[in-house]
Every structure is written in C-alpha cells, then in structure tokens.
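You will see two complexes here that share chain A, one where it goes with chain B and one where it goes with chain C.
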Partner chain A sequence: MSLGAIAIRPETASVVGLVVVYIFFAAFGGAAFIGAPGWSSWLNIAAEVGIIALPVGLLMISGEFDISVGSIVPAASMTAAIISGHYDWPAYVGILGGLGVGALVGYVNGFLVTRTAIPSLIVTIGTMFVVMGLTLGLAVLIKGSTSVSYVPDPITKSLLGHFINGMFNVSIIWWIAFAVAFYYFLHISPMGNWVFAIGGDRETARNAGIPTRQLTVGLYILSGLAAAFVGIAQLMTYQSAQVAGGQAFIFNSIMCVVIGGVLLTGGAGSVIGIVLGTMTFAVVNQGIFFSGLDSNIGSIIIGALLLAAVLSNDGFRALALRYATKKK
Partner chain B sequence: MEDFHMKKLSRIAASVSVAAIAACVSTAVMAANIFVVGGKPDDPFWSRVKMGAEDAGKVAEAQGGSVTWLGPQNYDNLGPDAAELIRQAIDQGADAIVGPDWVPEAMDPAFKAVVDAGIPLVIYNAGGIEAADKLGALNYVGAVDYKSGFAGGEYLGKAGHQNGACVNTLPGAANIEAFCSGFNDGLESTGGKGSVLQLPATAYGNATAVAQAVRAHLLQNPDIDAMFAIGGGDTNATVSGIAQAGKSGQVFVCGMNFDDSILDNIQQGTQACAVDQQGYQQGFFAVSILNNYVNYGVTIPTREILTGPGVVDSSNVELVIEGVKAGAR
Partner chain C sequence: MTEKTAVLELRNVNKSFGPIDVLHDISLKVNAGEVLCLLGDNGAGKSTLIKTLAGVHKPTSGEMFMDGEKVSFERPKDAADRGIATVHQFGGTFPLMTIGRSFFVGVEPTKRIGPFRIFDRKTANETAVKAVQEFGITRIDDGDRLIGGLSGGERQSLAIARAVHFGARVLILDEPTAALGVKQASHVLRIVLEAKKRGLAVIFITHQVTHAMAVGDHFAVLIRGALAANFMRGEKSREEITDLMAGGEALADLDTEIESHMETHEGHPPPPAH
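Take a look at the complex of A and B:
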C-alpha cells in the first residue's frame, strides 16, 4: 500500500491517536501500566463502553444518535436483578427480561425516529427520561428500594461477571465477539453498504430500494440490546443493581465513536475505527490513575482528543478526496 | 392554600377582635406545605431520606398539609441546581423548607432568601449546625459528615490498617470532602495516614470505572491497606477493585451507607464496616420538626439533631439485617 493509500484509510488517524496516548501514559505509568494489570484495567473499561459504542457508532454512520443507552444500562440491570434476585427466577429468565427491555426501548426509539419528523437526538433524550423514571418507579414499587442485590449462579457468573486471572473481565471477550459480528455486518454483508447509504443521503437510499425504516429500527434495537447486555454484565459482576448510573455511557460512547473517526453527520466510519477510538478513550481514562497525574487532566485530554479527532477527520477526508481525484 | 388562609382569616377578622385572631392563629390547624430539597430520587441513599420525609409527611397530610420532594436530575451541576430548587420552593409558596447545604457558595444566597421571606428553614444532611446558625435556620438534622468519615478512619486505624485512601467520586461537594478529611483525620488519630483518590465526574455511578480506578491506584500505591468509599454503590465497586488488584484480605474497606449486598459483604468479611448516617431519620425528623413548628409553634431546644454515625460491622450486622427486614433501616 502506498503512503497515500494508508493516509486515506479512515482508521489511520485513530491508530496514530491510540499510539500517542499509549506512549504518553506508558512513560508516566511505569511497569504496572505496561504489564497485565494495566492492560486488563483499561480493557475492562473499554469492553463495556465498547460494546455500546459499536451500535451507537453504526447509528451515527447512518445519521442518527442514541442517547437512551444511558438509561437502558440501569433499566436492564434492574430488570434482571428484580426477576432473578427478587423473584428468584432462573438467571436466564432475568437475562432475557433485561435484554427484552433493551430491545423494546430500541424498537420504540426506531419507531419514533422513522415515523415522526422529530430528530433522533430529541427522541432518544425523551425515551431516556421515560425509561429512567419507569426504572425508578417500578423498582421502588416492587422492591421498595433503589438497589437490588443478586448473587448469580456459578455458570452465569463465569459467563458474564467473571475476572479471568482475577483481572480480565469476561466482557472483554464479549466485546471482541461483538466487534467481529459488527465488522461482518458493516463491512462484509451487503447490508453494511445500506447503513452508509442511509447516512449519506436517506432519500436517495430509499429511492434506491433500501428498506431504510426497517434498517433504522433494527439498528436501534441492536443499540438497546447492547446497552442492556452491559447492564446485565455489570449486575453479574458487582452483584447489585442500582437505579442510578449508566449516564456516563452516553457521552463516553459518543466520544469513543467520534475519536474513532466516525463522521458525526453520518456516511463515514468503520468498526475498526470505533474499536480503536474506544481503546484510546479507555487508555486515557485508566492511564491517568497509573500516571499519578490529577484525574481532571484525564478529562482535559479526552476533550482535546475529541476535538483533534474531528479536525483530523476533516483533514483526512480532504486528503482522501484530493488523492482520489489525482488517481483518475 | 394561601388563598384559603386569607379567606379564612378575613372571615374571622370580620367577627372577632384582633386579639382573638392572634390567639386563633397560634392554635388553629395551619396546614403546612413543606418542600424538601434533596438528592436524585433514584439515588439509593436519597430514596430512604425521601421515604422518611414522606412518612413524616403523612402527619402533615392528615393535618391538611403536604410534603413535596424537589431533587436534581443529575449531579453534574450540583450547587447551582440545588440553589435553583430552593428558589422554586419559595416561588411555589412553601410554608417551610428543608434543604442540604451541599455547596455553601452556591446555595447560601438561596437559603438566605428563604429566611428573608420569613419561611421556617431546617438544614439537613450536609452543613452541620454551623450552617444552620449562619443561615438563621431552626435546626440541623443529620449526621456530621466529618464525624462519619472520622468513625470509618478510626475503626480501620484501630484494627491496625493505617495507610488509607478515600475514594472521592464527587470532587468539589463539601460533604464528600468532609467524609474524606474526617477519614484521614480518623486514621491519623490512631497514628496512621490518609490520602484522597479523586475520580473525574464521568465515573460517578459507573461501578466499572470506580473499580478500575481503585485497582490502578492500589497497584501504583502498594502500601495502602485501608480505603473509604462515600456511598453504597462505590463501596461495592471498591471491594471489586481490591479483589481485581489481588489485594483481598490485605486492603480493608469501610464505606458510607449500606444495602443488602454490603451487609452480605460484611457478613462474609470482604468489607470491614459500613458507616450509617440513617438517612430515613434525616427526612423524617426534618419534616416533623417543621410541621410541628408551623402548625403549633413548638420548637426543639436541642440544636443539631444527630442521626449518625452508626458503625455496622461483623459484630452487629445480624441485628442490622433484622432491622432491614423490619423496614427500619
């Protein structure tokens, strides 16, 4: 591959960003950060936000936002805890219940976005607050408390809440599996091009015969399922579901996606980019604790990275366009 | 409700003398509409405070009054948001207001507006009697955060774990800072030393973020053997972070508040102690004091009603679990 061809790959900027922050924190963080404790530390963080960032990224490529993931995480976690912890049903019933909540919210999001003229940002802020209120209200109604504890059976625990070597959360393996599945969907299966086409120009995409509505609804359901999965995994890991929490996933998932080179207005991006963006985000987030620097500096670096990512995306796109024209 | 009072008063005024009105007002049932400013209602701790406030509110309701809970949507902008809620309570015609003095710089002007409007005020949960005195409030109801943190530090220090770190997931909030400085002073009172692990605001409520931060901090500071967490969810996450750092049985944790899983951890020995500020009591007494004051003019001469700290450890955890089952804790 020529230098120009490498430069126009959408992931190039993401790789550069990841390498730079890793070297920066490796210099400060020392042996613990470079070794297995450091890797597991940021991979654990990356896995959870990464599982959510994948479908959020695909939605963004197709030109839509999903804010509601922030309330699906605790809603699914609480649903599973109430079904399996409070009512003592088997773990798989609780898990299916939690995933069902995620799929349902995703379906409602997709339905509202495709059937009304309301921007997805507003739709999903709305559903986020509705779900947040329902979670709180139902938890207090059923359990009389805003936290429900649940001790999963050993098999469930080992699948969803186990630490391999006492360090690496199994969610890392799930994240890899999700990433492979999403890679196939977006870059290999024919439906992937539909996602890009919708994000580029929805009208043209529909005129070209792409089932835009079904695709958008499907992406929202995926996003709801992924957020629910993370909520359930957190329940199995920490053995306690809280009504609050999960809000951090909203901005964090968007930041991972944008740092990973996805175009905010849709039409461009890649699964590898999203994974790299997530890793970059997690390295900064955890590196700060290994470095001994003030934790607020972490927020500054993430903010700066976000801006740099958007700027460099624009730069790379301009470069790519110029390169493409020159080749002709 | 204001209209109702006015009509009633003017009707009475038409028939009886001014002296009789004064006597009447002081004895008549005055139906107190009490506004309580507190945390997010979905915060596990605050839901218990809210329940206490609403239970005391049943008496207020039986007397024709009401209790209204005002909580922020999130804690991103805590001081200004809470100050805004206090002003909302004034605007909505509160007969009495309960509020925590979380961020004095941002909230004290709003509390002064309450007192200037002649509305009886009780400070609870945060600020201590100093805040109540400074603001002209009737009383302070709550655990003193500093003493709660101190109790945790002293407990761990006396057990021989003297190199501590306080996990602060809400840097900048006065009560959380007080937990941490109390914890460090408690450790120092036994000859130990303490520090603070500050997390960015984005970690709040995300158990994985807290656990991984704790773990990284322990790996970088292998001498630490005592930790303090500022809430129930944070404590569970801290316990997990310690286990992931391979430090179970070497690093001992005390945390504020408790839930089922924390009591379970205390029983199993993965958590040393929980410091309880008994939130239910804070809501209950604050509302009760104001309701009785507005309706009957009675006061509580004891100033600074302490609701904590109470330490829960392996010696009394069984009793506390019974208390939870009975709905008292």
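Take a look at the complex of A and C:
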C-alpha cells in the first residue's frame, strides 16, 4: 500500500486523534497516567463501551441506530442477578438468562425496524424505555428493591469479573476477542460485504439477493447480546445489579463509533476505526481524572473530538474519492 | 421481420395502482441482439413498465413470456434469476465500496482457510476489472478504487459489465445517459452496442431521441401509459419521434434549436425568452 493510499484511509485520522489526545493527557497526567494505573483505568472503560460499540458500529455501517443498548445493560445484569442471586440458580443459568434478554430485545428491535417504516432511532428509543420500565417494575415486584446483589463462584468471577494484577479487568481480553471476531465478520468473511451494501443502498442490496431483513435482525441481536454481555460482566465484577445505570452507554457507544470514522448515514466504516475511536474516547474519559483538570473540560474535549472526527471523516472521504478519480 | 421467438414479450399488460391506471394494454417484444428503445416523457409510465419487467410490480392483468414460455415474477429476484437485469441511472449505487466488492455484492467469491470462509478480494478485483475492460473501459484498472471515484459513464459501464458477467439476457437500462455529458453518454452508447453484439436483448429507456436513434433497432413510444407508437429503425424521423413523445406538440423544432445553440455556446442553453 502506497503512502498516498495510507493517508486517505479514514483510520489515519483516528490514529492521529488518538495519539494527539494521548500525548495531551500524558503531559498533564504525569507518570501515573503513562504507567499501569493509567492504562488499566482507560482500558477498563474502553473494554466495557468497546464491546457494545462494535455491534453498534456495524449497525451504523448498515444504516441503523441502536439506542436500546442503554437499557439492555442493566436489564441483563438484573436478570442474571435475580436468577442466580435471588433464586440461587447456577451462574450459567443466570448468564444465559441475561444474554437471552439481550437477544430478545435485539430481535424485537430488528423485527420492528424491518417490518415497519419507523426509523430505527425511534424504534430503539421506544424499546429502550419499555425495557427500562420492565426492568424497574419486575425488579421491584420480585425483589422489592432496585438493586440485587450476587456473589459469583470463583470460576465465573475469574472469567467475567476478575482484575488481572488487581488492575486490568478481564473484559479487556473479551473486548480484544470481540474485536477480532467482528473484524473477521466485517472485513474478511463474505457477509461483511452485505453489511456495507445494505448501508449503501438497501433496495439494490435486496435486489442483488442479499437477505437484508435477516441480516438487519441478526445485527440487532448481536448488539443486544453484546450489551447483555457487558451487563453480566458488570454484575460479576461489582457483585451487584442496579436498575439504573447504562444510559451512558447510549451516547458513549455512538461517540466511539463516530470518532472511529463510521459514516452516520451508513455505507462506510471499519472495525479498526471503531476500536481506535473507543480508545480515544476512553483516554479522554479517564485522562481527565489523572490530569487534575476540571472534569467539565473532559466533556468539552469529547464534544470537540466528535465534531472534529465527523468533519475530518468527510474530508478524508472526499479526498479518497478524488484520489481515485485522478489516478490513471 | 423474421418470426423468431422473442426473449421477452408482453401481451396486453395492464397495471393499475388502486383506481389509477398506469399502464394500459401494453404489448411489446424484444429479441436477442436487439435494442428496444422505450421513449416517453416524464410520467408516461416508463418506470412502472420497467419495474413490471423487473419483477418489482406484478401486472394487474396481461401476460409476460420469456422464450415463448409464460412467466410470472413474484419478486425482483425471480426476474433476476431468469436473466433480467436492470441498471439504474446512477449505475453503482454503493459509492463508498470498492469496485471489486460492489461488483460481487450478494455473490461474493470466497476461498477457504481452515474453517473460515474468506472474501477473495484478489479474484473479485481481477474479475471485475477484466469484465469492464472487455467492454472497452480500459481506464478502470484497479479493483480497489471506490465506486464514488468513477465518472458517471464509468459507473454505468461497470454496472452493465456486471449484469452481463452474471449472465443477463435482458438488459434494462433506465435512463443511463440522462445525467451524463456528451462524451460520457457516447461511451455508454458504445457499451450498449457491445452488449447487443453479444446477443443480449437490451431495453433502453430514455427521453433523449438522439441517443435512442444512435443505438435503437426498434422503438416504442409511451404516452400516458399506452403505446402511442411501435416502429422499427428508419421508419420515422427524429422530428416525428420527438413530436410523438410530446403528445403531438411541435417540440422537435425547439429541441433542435436548443441543441444547436448548446453546441455553439459551450453547452449553455439559450436564455429563456421573455
């Protein structure tokens, strides 16, 4: 790949963004931020939001949004806690129950998006509120409380809620595994092509024989499963499930994806970009605590980054198209 | 005209959406190695007709035949399976995908590495580039280029090459030259002739009479959903066709006037008369 070809890849902007942000916070945050405490702190955050950002990013490439992840996280967490904590079933039953909730919500999202003309943004906002209400209502009904505690067995704890060296959450490894799997799906397997095609032009993709409905429903189920996975991992880590919380994942996941160069309107993006966007987001999110700066500045930086990312993505895309035209 | 069996034939096809009749009693034939030009003003029912041919709409009444055999398309896929391919005005509709990837959307070539199926980028790119180069577009030589970076004519050519590559027998071109400049349009027209030479039946939709006359063997003029005229090459003059399309109004003079003005004024139309 030539230097020009590298320069026009949208990921280049993401790498530059990440490096700039990292150097900025390294300068302010000092040794603690550059060392293991800093790395573990932002990697832990990155892993949580990153696992959700991957399928949310794929959905966005295919032209859809998923807001409901914000309520699937606590719903799955609560489901697992009630099954395994309140009713004392084995951990794997609780985990399957939590994942089942995620898959079910994902299926409903996909079904509504593909069978009605309602935009996915609205559909998933709707399901988010429904799931949020159900979680709260059922938790109070069953447990009489908005939080349920659960102490996982050592094996479950070490797989889903362990801190390696007392600092690095095991979900970092899960995140890497998810990223590899999604990379394979989107960029190597033939199905990845379908995701781009749906995002480019759904009608033409359907006429070309792509099962667009099934693919969209599948992507929503993936996104529900990933959000549920994070909810379950939170339960195993903190040993307690709360009905609130998880709302932050809505905007955070979308921001990671957009900072990572995914086109909001669909049709373009990459897994590497999403991972880089997630890292950038996490560095800012955690770097602010190490830097001693006012935490409001963190919000300002993230907001500015988001705008800069969208602008530069457009710029890079225009550049990529022009580059291709000029080339003889 | 020899009595060979038409590749695609419509007999007394009607199509209405609720109370509105869009197509009225259309009977048409198109043979292999022949270009049928479908002419008509905006709203004449051209789009509905080609969507009916492509399986998007089902005729309200009437019959369709392929190779003399009665067919009925439930969905676009059925028509595509029978070898009917539609290329729309903007050709490649995935501007941010590479040539190789968009060429094979839905039919990706794969190779196996262990248990994993891998999208075979090299084969995809090589096949796509070769297919379009065979149509004389030698400027496309890199399958990793983005569709959005191609010119309008190149996109059309790529889309036509794609249809032919995947075994199309009937090629429906929906206003392929409408958005193109003169030079680009002539590229596309040359490719239409190449497709015809390869034995495809081509249905060429346009409202530019000049383009139709350059490639057409057989012309059909649609007015308000009905066939106003159906004639062979050389049977009518350019002026007569234009008049027909406009529903009998003498637009032909205006058309030629504007065109000659544009030729001498670097493509600018004459200013509107006051």
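Everything that follows uses one rule, which is that the second predicted complex is superposed on the first by the 327 of 328 C-alpha atoms of A that agree within 3 Å, B and C clash if a C-alpha of one lies under 4 Å from a C-alpha of the other, contacts with A are read in each partner's own complex, and residues count from 1 in each chain.
Keep in mind that, in the parts below, contacts are C-beta pairs under 8 Å (C-beta built on N, C-alpha and C of every residue); 3 or more make two chains touch, one makes a residue touch a chain.
Bear in mind the structure is a predicted one, so any value in this text is a computation, not a measurement.
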item: Three-chain arrangement built on chain A, chain B and chain C clash or fit; value: fit
item: Contacts of A:Val140 with chain B and chain C, given as first, second, both or neither; value: first
item: Chain B versus chain C as contact partner of A:Asp201, first or second or both or neither; value: second
item: Dominant toucher of chain A (residue count), chain B or chain C; value: B
item: Chain B versus chain C as contact partner of A:Ala268, first or second or both or neither; value: second
item: Touching partner for A:Thr114 - first (chain B), second (chain C), both, neither; value: neither
item: Angle at the Cα centre of chain A, taken between the Cα centres of chain B and chain C once the superposition is applied, in steps of 10 degrees; value: 130
item: First (chain B), second (chain C), both or neither touched by A:Asn44; value: first
item: Touched partner set for A:Ser312, first chain B, second chain C, both or neither; value: neither
item: Minimum Cα separation, chain C to chain B, after superposition on A (Å); value: 34
item: Partner chain A, residues of chain B touching it in the complex; value: 40-44, 47, 74, 171, 197-209, 211-213, 215-217, 219-220, 232-233, 236-237, 240, 243-246, 259-261, 264, 327
item: Contacting residues of chain A [partner chain B, same complex]; value: 29-30, 32, 37-38, 40-42, 44-45, 48, 132, 135-136, 139-140, 144-149, 151, 163, 166-167, 169, 234, 237-240, 242-249, 251-252, 285-286, 288-290, 292, 294-296, 298-299
item: Residues of chain A defined as touching chain C within the complex; value: 184, 188-190, 192-194, 196-197, 200-201, 204-210, 263, 267-268, 317, 320-325, 327-328
item: List of chain C residues in touch with chain A within their complex; value: 76-77, 80, 86, 88, 93-97, 101-102, 104-110, 116-119, 139, 142, 145-146, 148-151
